[in-house]
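Next up: some structures, all given as structure tokens.
Across the two complexes that follow, chain A remains constant while its partner is chain B and subsequently chain C.
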Partner chain A sequence: MSQLIEESPAATGALAELITRATKLYEDLEFKTVRDWKSAEPSRRAIGFLPVYAPREVIHAAGALPVGIMGGGDQIEIVRGDSYFQSYICHLPRSVIELAVSGRLDAMEGFIFPSICDVIRNLSGMFKLLLKDRWVHYLDLPQNFDRAMGGKFYRHELATIANGVTALTGIEVTDERLRASIALYNENRRALADLQALRAQRPWLVPATEYYLLQRASYLLPPEQHTAMLRDYMRLSSQSARAPQDNIRVMVRGAFCEQPPLGLLRTLERAGCYLVDDDFVLGARFIPEPLPEQGDPWEALIDGFLYRSLPTASKYDLHADKEAEIVRRAREVRADGVLLIAPSFCDPALLDQPMLARALEAAGIPYTSFKYAEDTGQFQVIREQAGTFADAIKLWGNA
Partner chain B sequence: MSTAIKDLSQDRQKRMIAGHYAELSHAKESGRKVVYTFVPGNLTELLNNLGLLPVLPEINALQSGMRGKTGDYIHIAEKAGHSEDVCTYVKADIGMLKSGNLGPTGEPLPKPDLLLLSYTGCFTFLKWFELLKREYDCPVVMLHVPYQGDGRITEQMRRYVADQLRDEVIPALEKLAGRKLDYAKLRQQLALSAQAESDLVWVLESAKHKPSPIDAYFGGVYYIGPIFTSFRGTQDAVDYYQLLREEVEQRIREGLGPVTPEGTMHEEKYRIVVEGPPNWTSFREFWRMFYGEGAVVVASSYTKVGGLYDRGFRHNPDQPLETLADYCMGCYTNLNLPDRINLLEKYINEYAADGFLINSVKSCNSFSAGQLLILRELEKRTGRSGGFIESDLVDPRYFSAANIKNRLESYFQMVEAKRARS
Partner chain C sequence: MAITAGIDVGSGAVKVAIVQADDCIESLRAHYLERIRRRNVMEVVEESLAAALREAGIRRDQLDYIATTGDGDVIPWRTGHFYGMTTHARGALYLNPEARGAVDIGALHTRAMRFDETGRVQQYQMTSQCASGSGQFLENISRYLGISIDEIGPLSLSAKNPEKCSSICAVLAETDVINMVSRGISTPDILRGIHNSMAVRVAGLLRAIKVEGTIMLTGGLAGDAGLSAAIADKMNEGGKAVKLARHELSVQAGAIGAGLWGAFRHRKLSEAGQLGATQEASDGAG
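On to the complex of A and B.
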């Protein structure tokens, strides 16, 4: 755990403490943070949600803590999880089942499974069978992006979530409460956007591992605590003596669900890549812009999902141009190249890749691709590949 | 085994399907517009009503698989950058496209004028048409079919699908066809759908007899052919299912077992329920592993992917859009996992099965994710033996005949042993 700090001489004092705290949150697969939060008030409830996106404002407004479940990474031994899945299913559901059957998810009274792929979808049914005493909801996010059609359907979905959580907390989601939650999450959105901007401008101040840990912290902490953490981090990091290195600037796409292990991020940086944009922990900033805090708060959430959410492989908005968007974003963050990464056996990410690769190629943006699993332990091949990619760009301007 | 004699229904079906492909091959000359769409949640009545010709890419992929073409097609797609991890239907389709898009009859399939993306029960469909959109540069119309996450169809879900049909799908199809949907005709079509569905259910449920007159998996995939593809809502389909029913009635009267590629199966030793799609590249060999052991499949989930009719649903001519919505949402892979288990449990009991078998295919997460839990639950609930084999839809690299045969033989021995004990 202290490895991160030892490797960053500039990260001292308060900054080191903050990173230590974020690391502890990342490693908290017993969800002690959630249990502690709940123990402060016996009526408190917690709701887990799977990748990519769940409307945390609704859960929060119903008086519960939204908790992101991102699998077990490389930190837990899979004892029983493997016996539930064939070898050709991705790794995330194995560790999620492991967390569930080992009792680690007992801190949560309910779970939301957003509609992103067939595996997460079927996992919702497995939870219904395995955790019969819990509230389990499959969140069918609309693939119709017309307000009168998909928006109307999504409103019912939001109401179902509100009712489901209210049944656990006894707190009704009034418009007033929802507006207050939106305002809190808006503060968080602003802080996340500022952090992203800082990272894109001066990536040496925001190493990829630290950026990642801060994103993950948003999946455990109440929003106001997380916002304060982000603000503290930006202040402390900006005051640090961290110096720029001769790294290329890369953007990462394809890691919106199963997460790469921390060691992989560290490997990419060591191989000479500054990560200036990515889709890790995407749900934390899926709607990057603040939502309206006046008027109908349900409409604000609907509008946010339909028209302001980020593109990702699990969405197919017929009116969006994902090829143009990846090129636009790469240019906006001044990426020298793009890493198209994907978890093994991840249909959405892997089926997306040829489309994204073709767009990058047409735009003359260098890219390379590789697969990983959340428990990948060997990084040498990836280090060589990323190092070669970085060297080629440094030497010749392309890979 | 007696010598294989083709049933009249089989001949009729072949003619129907060949006729459809002939129409497709002349679509451009005849001015017919072509719509690519998928089997689960298909909207055949709407397409036929407007004179549009459907192409079903999964059917092309499985037919290519049966003709031994998919190994090469998949290789071509992988060379073009598609991962070895993903659905082989998609890769077979992309490979076929890049090899001249030759259909099952050997003639080129027409390009789509529209992609009708109804992705019932399968997210990969969504990505598949995203990819095809890039290849064909034609319009896409989306029908988002909500999943039965809570095990039921709510009024909001029904309204959402019906609204999309009325305000988006039908206008897009009408624009393509250059004419308005004829609602009076649609009602007639839906009445014909219901008629054929009733006969199909009768045929599938005939497997409750002992011996079963049909094989509801290997034979079943032929029986569902017309209604799952381009013929639902037509008189042709009604006639086909009537004929099929008459043939099955005759088999019951004569006490005959199912028809196999090598003739009638005489001794029914094992009655099995199967979950999951078949392997297509070695379909005959796979089937032989069953009938060679005297095993007949009395019920299967795969024959419900394009419509689940044996729980009572029939298309209702009085509510055309709502009934199409219910149909889409009711397809097998749109059921949540607990309901899939309930259905299989019901099959095991009602069809007096000796056991159940899961054919887990690498390509299809929609089916496969959760199947090991299905196995445990069904064993626990029914006390019947469960077997588990792994293969793929159309990737010949994932069909290990010796391994599967060994497993099946062991499984049938297990069923035998359990039967002897009880």
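On to the complex of A and C.
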């Protein structure tokens, strides 16, 4: 039994089994789940995508399984990955290279690198050099949010992805197929929104580690399976005997790309923080509202990205009011405080941080900040910081 | 008036305090300490809480709030958890209302804090990962020297010519001790040398937080008279008058502080009409 289950004594029976399944998916760096899915039908293909967001509906409509590649976390030793990057580069690309050169990504026939930062752009180039037999595409997401300009550009990008995946699967992305994929992912969006609502309302029913594992599962499972998993979890957790504790409600921002280790989430919760909102595995709910299932499906995806996606440091929208948004969201989820965290050397997150901090300060919302890496193993300092933050809010703040 | 339990899970022992408090009166109904001795921590916690409740003459379901501190964050049936710095400051203030600073020397680390008259921590410093300023280190040394932990303080106070010992690293310090033994240095002089080296670290922490007046010693090593004397000597070296104080319940400071903060939270939540949720937690304890 995993450490996680031992630390969730209220998770018993079917709920514990479900969490164990999600934990195994999280730990599956050999992508056995993907290999198993492919082995059921020899013509099946899998496409890996890097953080933050890739239009999974297009990949799915072309008959392939979209697979999120979130790095190696704290589970793999970096042997060759370090030699590809300078010491001032974040950790995620090192472990992704390690996954690639060790053959762990062999289950995937293609890779999509969304444009979020220079490091990911560089990584896509390395993949082109290293994996010459695979389809590697750098997805240039629009930075112009005018429909006539950015929308037109994005339509071309979506078509390029569709053509790239179709070349691997032989399945053309028709409007009908794309609408069906959108409908499937919409069901997933609704389930994810319900889960978020549950944890914002009764966070003791949805521990941060479990919420996180469920988000990660969406990057490996076909959407209908993941939706079923979410629905089962909500039913089982709501029936569990989990009792509330006197914790503060915390919102987390800055972890949209390189992911924190599970131990860090556990540390925050143990320090007295309920995580009621975060941006971990952000791509899973980057467009939180269901997209239109009628009309032009390409337009639905374009509209979703341009006007309905969540603001984040790696989405370069000049007109997005990220300061107002963080304050609005913190109030919406009734956060007592905000944790501005960031992976070490993550330029997008760290460059946004002073602006977000200023907005929170002006709004009178307590915040604290710290850095992490995906393989951080020592949590004492974070425990101390989160603990004093929680105490200050509980004893002398508004909580 | 709220009745609360404060549970301080340390690396060497579990401490429990049963506290009764409102905004005017604070009283300690019972306290209990049990060393862990390689047993299952949760079992020790259960036993200790039961013993403290027996001593206080109250039932578990009468507790309004179960507050944990230290490694007590592993206890799933807690009402709330408070960080060690917050609870030791509050416990120190309860034990000595004149105190405005505290040094918590536990089995694995040492922390110094400065606080105001309400127990609110204003500044703190703690040792890094090295064990050379901790109780675990002293326990190892007592084993090498073949003496019990209780003998350390009195023997140290009887030292004539304390030996110099590394204050940087436990490994180096232990090597120093082995050399001293082979050179025939007396046990009291070795122990005072170790206490002096630990005092250098503690004094550094206290100076960094600029604390003045009465400083309470808390944590597992608060009862070590030799260490207390060494810290006092070191602090007063520069002619600065610092009063180092101890209390027979110093080791319980974290648990007492947790209990008191638990009562405070119970009152605050009650006034805000938010008691229902946490009440559910303490009723379901265990």
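As a working rule, the second predicted complex is superposed on the first by the 396 of 399 C-alpha atoms of A that agree within 3 Å, B and C clash if a C-alpha of one lies under 4 Å from a C-alpha of the other, contacts with A are read in each partner's own complex, and residues count from 1 in each chain.
The rule we apply is simple: contacts are C-beta pairs under 8 Å (C-beta built on N, C-alpha and C of every residue); 3 or more make two chains touch, one makes a residue touch a chain.
Only a predicted model underlies this, so the values are computations on that prediction, with no experimental measurement involved.
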{"item": "Room on chain A for both chain B and chain C (clash or fit)", "value": "fit"}
{"item": "Of chain C and chain B, partner touching more chain A residues", "value": "B"}
{"item": "Partner chain in contact with A:Asp391 - chain B first, chain C second, else both or neither", "value": "second"}
{"item": "Contacts of A:Cys117 with chain B and chain C, given as first, second, both or neither", "value": "first"}
{"item": "Touched partner set for A:Lys152, first chain B, second chain C, both or neither", "value": "first"}
{"item": "Touching partner for A:Pro142 - first (chain B), second (chain C), both, neither", "value": "first"}
{"item": "Which of chain B and chain C A:Arg235 touches, first, second, both or neither", "value": "neither"}
{"item": "Angle at the Cα centre of chain A, taken between the Cα centres of chain B and chain C once the superposition is applied, in steps of 10 degrees", "value": "100"}
{"item": "Which of chain B and chain C A:Arg334 touches, first, second, both or neither", "value": "neither"}
{"item": "Lowest C-alpha to C-alpha distance for chain C against chain B (Å)", "value": "20"}
{"item": "Common interface residues of chain A - those touching chain B in one complex and chain C in the other", "value": "none"}
{"item": "Complex contact set, residues of chain C against chain A", "value": "65, 73-74, 76-86, 120-121, 126, 129, 261, 264-265, 269, 277-278, 280-281, 284"}
{"item": "Chain A residues within the chain B interface of the complex", "value": "83-86, 88-89, 93, 113, 115-119, 121-126, 128-130, 137-138, 140, 142-144, 146, 148-150, 152-153, 156, 313-314, 316, 318, 342, 344-348, 350-355, 357-358, 371"}
{"item": "Chain A-touching residues of chain B, taken from the complex the two chains share", "value": "80-83, 85-87, 90, 117, 119, 122-124, 126-128, 130-131, 134, 140-142, 144, 146-147, 149-150, 154, 156-157, 160, 163-164, 167-168, 336-338, 340-341, 360, 362, 364-366, 368-373, 377, 390"}
{"item": "For the chain A and chain C complex, residues of the former touching the latter", "value": "7, 9-10, 241, 243-247, 270-272, 380, 384, 387-388, 390-391, 394-396"}
